[in-house]
Amino acid sequence: MTAARSEPAAARWALTGLALLTLGVLIVLPLCTVFAEAFAKGWSLYREVIEEPDTLSAIELSLLAVGVAVPMNLIFGVAAAWAVAKFQFRGRNILVTLIDIPLGVSPVVSGLIYVLVFGAQGWLGPWLNRHDIRIIFAAPGIILATVFVTFPFVARELIPLMESQGADEEEAALVLGANGWQMFWKVTLPNISWGLLYGVVLCTARALGEFGAVSVVSGHIRGQTNTLPLHVEILYNDYNYAGAFAVASLLSVIAVISLALKKLLEWKTGQAESGGLRRTETG
Amino acid sequence: MKLNRFWLGMVAASAVFAAGPLKLLNVSYDPTRELYQDINAAFARQWKARTGADVQISQSHGGSGAQARAVIDGLQADVVTLGLAYDIDSIAERAHLLAPDWQKRLPNNSTPFTSTIVFLVRQGNPKHIRDWDDLIKPGVAVITPNPKTSGGARWSYLAAWGYALKKNNGDDGKARDFVRKLYKNVPVLDSGARGSTTTFVQRGIGDVLLSWENEAFLALNELGKNKVQVITPSVSILAEPPVAVVDSVAAKHGTSAVAKAYLEFLWSPEGQEIGAKNFYRPRLAAVQAKYAGRFPKVQLFTIDEVFGGWQKAQKRHFEDGGVFDQIYAPGK
Amino acid sequence: MAGTGFKRFNVLPGFWPAFSYTVLYLSLIVLIPLSAVFLKSATTSWDHIWRSISSPSVVASYRLSFGASIIAGLISVAAGFLIAWVLVRYEFPGKPLADAVVDLPFALPTAVAGIALTSLYTENGWVGQYLAKLGIKVAFTPLGVVVALTFIGLPFVIRSVQPVLADSDQELEEAAASLGATRWQVFTRVIFPLVRPALLTGFALALARALGEYGSVIFISGNMPMKTEITPLLIVNKLQQYDYAGATAIAAVMLITSFLLLLTINLLQRRSRRFMEAR
């Protein structure tokens, strides 16, 4: 940092102060409210709520949704990034935009579309009903909605990363006699591993927190089809405010941990990327 | 693919469950959480004593209209216990899951308990709210949910309308004007009854909450007698939240008998007493007499008398472009 | 489409499996279900569709959703630029923590955010009570919607601007300064043009997200007809009246809007990338 060419110290401190104040009021304060309310009735009630069977089943369902949605989007993300970043083809921009679509779809609509397809009055409803397969108002519907809202995260992370890395290393591996899978496992995957993990963390955080879309397809059956965010709403509506915020604080803790993980990964990716750039420059 | 295997797993799992205890799903509206918690426990005990079999009842709660829609879209409800008959009519009409004359199959219009709309005010009643007329005074903030999304709010709206009609000798224009003034005093329309109670009690917003009677007393007990008090107006509406077995679903699950017994239990002395304890007005004379002190006397009118039934009321007041929309239209 | 004309030649293997899988998965999870929105709204008459998407309360909700999203986007751009600037250029204690906190709105469940923001900004909340003394009401007014949408949108702007600022060449600024430019001139003539595409991207992303936002807004907005009803809420209201066709018609309007927005973002991003490469 060249101080002589930068702002005077007073201005720097003022700007820093202003930025931190903005962050504090806009973002940190709401988080503090969650924890303040969660512990308003003390630690024992907090534990009681967390250990309640309905809470445990909500945790279980949330983990199941994440456990299915994240690997599915991970595989998709790698395939999509490979096609989009390493090859040039017509309609590439449209494809990239289509992948982004779930980001811009209102959560309400994300849930609604699956009701329109799988609901009793929907396209597949009568067929599913005859074969007694439950999708909406059961775990598969919740998983589908979760997959939808976290759809682009891994792909979005990988596409720019793989674009910037180019294809030189893969080509070199092929010239040296590697087959396609060897090239992928030995060259591509190590190069993108940190970016991949970063995408997975984002995907997980969002999957755990999704409310609107899941709420539409859940059916809200206690102890059966409620995820953690839905359980927060139920407790809140039971006049159990401290309980609602206790579960909310659990979700916040997960959010904070995933942010810390993300920070670490960013640092690692930064290292890997600058290494990669240096290689391409000399190569 | 992965998902396919997962679905197979789900189907297998449901087959295993089917062999376990009998399962019932009761899809209900928002304020009945506490009521059915007690009812379910009592019924399971009684059923076990009678038949020796276990029955497990699951609950789903939400806005009455949203719950009806979920059932129409395939939520596997064996019984529905909703806020108004219109919503169960919709299930019969749109998804044909039960007969159109469902309301005649159980006593009292299939309504085991009644309720009404009362006022919840701050302790000491600082704004001196005694009756409906006090709600349209300037400076009184009224909290009630949005009638388009909440069943309870529709009862409140109709209660206010019915009061104004009675007071003005049936003058429809004056009733409309009264309701318009009332909603002018509403600073926030939550989507459901529970949301409004939270706004009023927890956030301290507003001077008076229009609420189901049972909801008002529950809030009083749960959230502190020193904070709020219940005011019963001179006239109100007789709210009849009905119940029904969803025939097709119950038949498929093989739960028709237990579902019917479950609903009939609501009319038994034990069921009626649980209702009364949860501040629902009982139907049985004996239980009524026992809990008479709980329920203030109030002159009640029915929706059929004043509005010609739910279908008509819904169409005129709450459909898009209906009276409720009109009173919010700019410049009126 | 024929292989050769469609795809430029490349020695790397695996294009067709990767491409086919991408298109298949995309279609199954996203495109086919989304098409249900359009097909469902097409089951009704044009007249009904038009009435659904142009009734006064729906138009008022567009005004609120777009207006509040744009204002929130602009606030996010201003505040986000400042925060990104400070995080990139200055050193201060606790900087990694501040940097990590930025993503919180992204990871926090929206319903939790909505409840927390509402309890902060009502007239007896931690922040609301002071604002109330100044005569400013936030919760249950359009301002509350703006607050919630700013909370949602801020990270998008910060995360778009940060890498560009970090990559930007400070030699350019020094050169400008040594040629006699004031700090302000350096800022407006050198730095700002450099980050403008990133600011636009961040703005558009925040806007796209804000337009559809539901969970965090419904608690704080108060849901007053004609005043504080957002468009997604009206979709829910239509569903409550079993008007699937009307609901999907409004949803289709929103979908087309966000698709156009996202397309713009991708074009902008491509342009800014080309711009960076050209330098």
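Order of writing sets the labels: A, B and C. Residues in every chain begin at 1.
Operating definition for what follows: contacts are C-beta pairs under 8 Å (C-beta built on N, C-alpha and C of every residue); 3 or more make two chains touch, one makes a residue touch a chain.
Just so you know, these numbers come straight off a predicted model, no measurement behind them.
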If I count C-beta pairs in contact for every pair of chains, which pair wins? A-C
In terms of CA centroids, furthest away from subunit C sits chain B
Taking each chain's centre as the mean position of its Cα atoms, how many Å separate subunit A from subunit B? 37
Indicate the whole-number Å distance between the mean C-alpha point of subunit A and the mean C-alpha point of subunit C. 16
Residue numbers in subunit A touching two or more further chains are 121-122, 236
Residue numbers in subunit C touching two or more further chains are 119, 236, 239
Expected list for subunit B, residues touching two or more other chains, is 72, 94
With touch defined as at the start, can you tell me which subunit C residues reach subunit A in the complex? 1, 5-8, 10-15, 17-19, 21-23, 25-26, 29-34, 36-37, 40, 79, 82-83, 85-87, 89-92, 96, 98-113, 115-117, 119-120, 126-127, 150-151, 154, 170, 173-174, 177, 183, 205, 208-209, 211-215, 231-232, 235-236, 239, 244, 247-248, 251, 254-255, 258-259, 261-263, 265-267, 270
Show me the residue ranges of subunit B that touch subunit A in the complex, using the header's touch definition. 2-3, 6-7, 10-11, 14, 25, 30, 33, 58-62, 70, 72-76, 94-95, 192, 194-195, 197-198, 202, 219, 222-223, 252
Contact residues on subunit B for subunit C in the complex? 63, 65-66, 69, 72, 90, 94, 146, 148-149, 186-191, 203-205, 318-321, 324-325, 328-330
Which bits of subunit A are touching subunit C when the two form their complex? 1-2, 5-7, 12, 15-16, 18-20, 22-23, 25-31, 33-34, 37, 76, 79-80, 82-84, 86-90, 93, 95-109, 112-114, 116-117, 121-123, 144, 147-148, 151, 167, 170-171, 174, 180, 183-184, 202, 205-206, 208-212, 228-229, 232-233, 236, 244-245, 248, 251-252, 254-256, 258-260, 262-263
Which residues of subunit C touch subunit B in the complex? 55-57, 118-119, 122-125, 140, 218, 222-226, 233, 236-243, 246
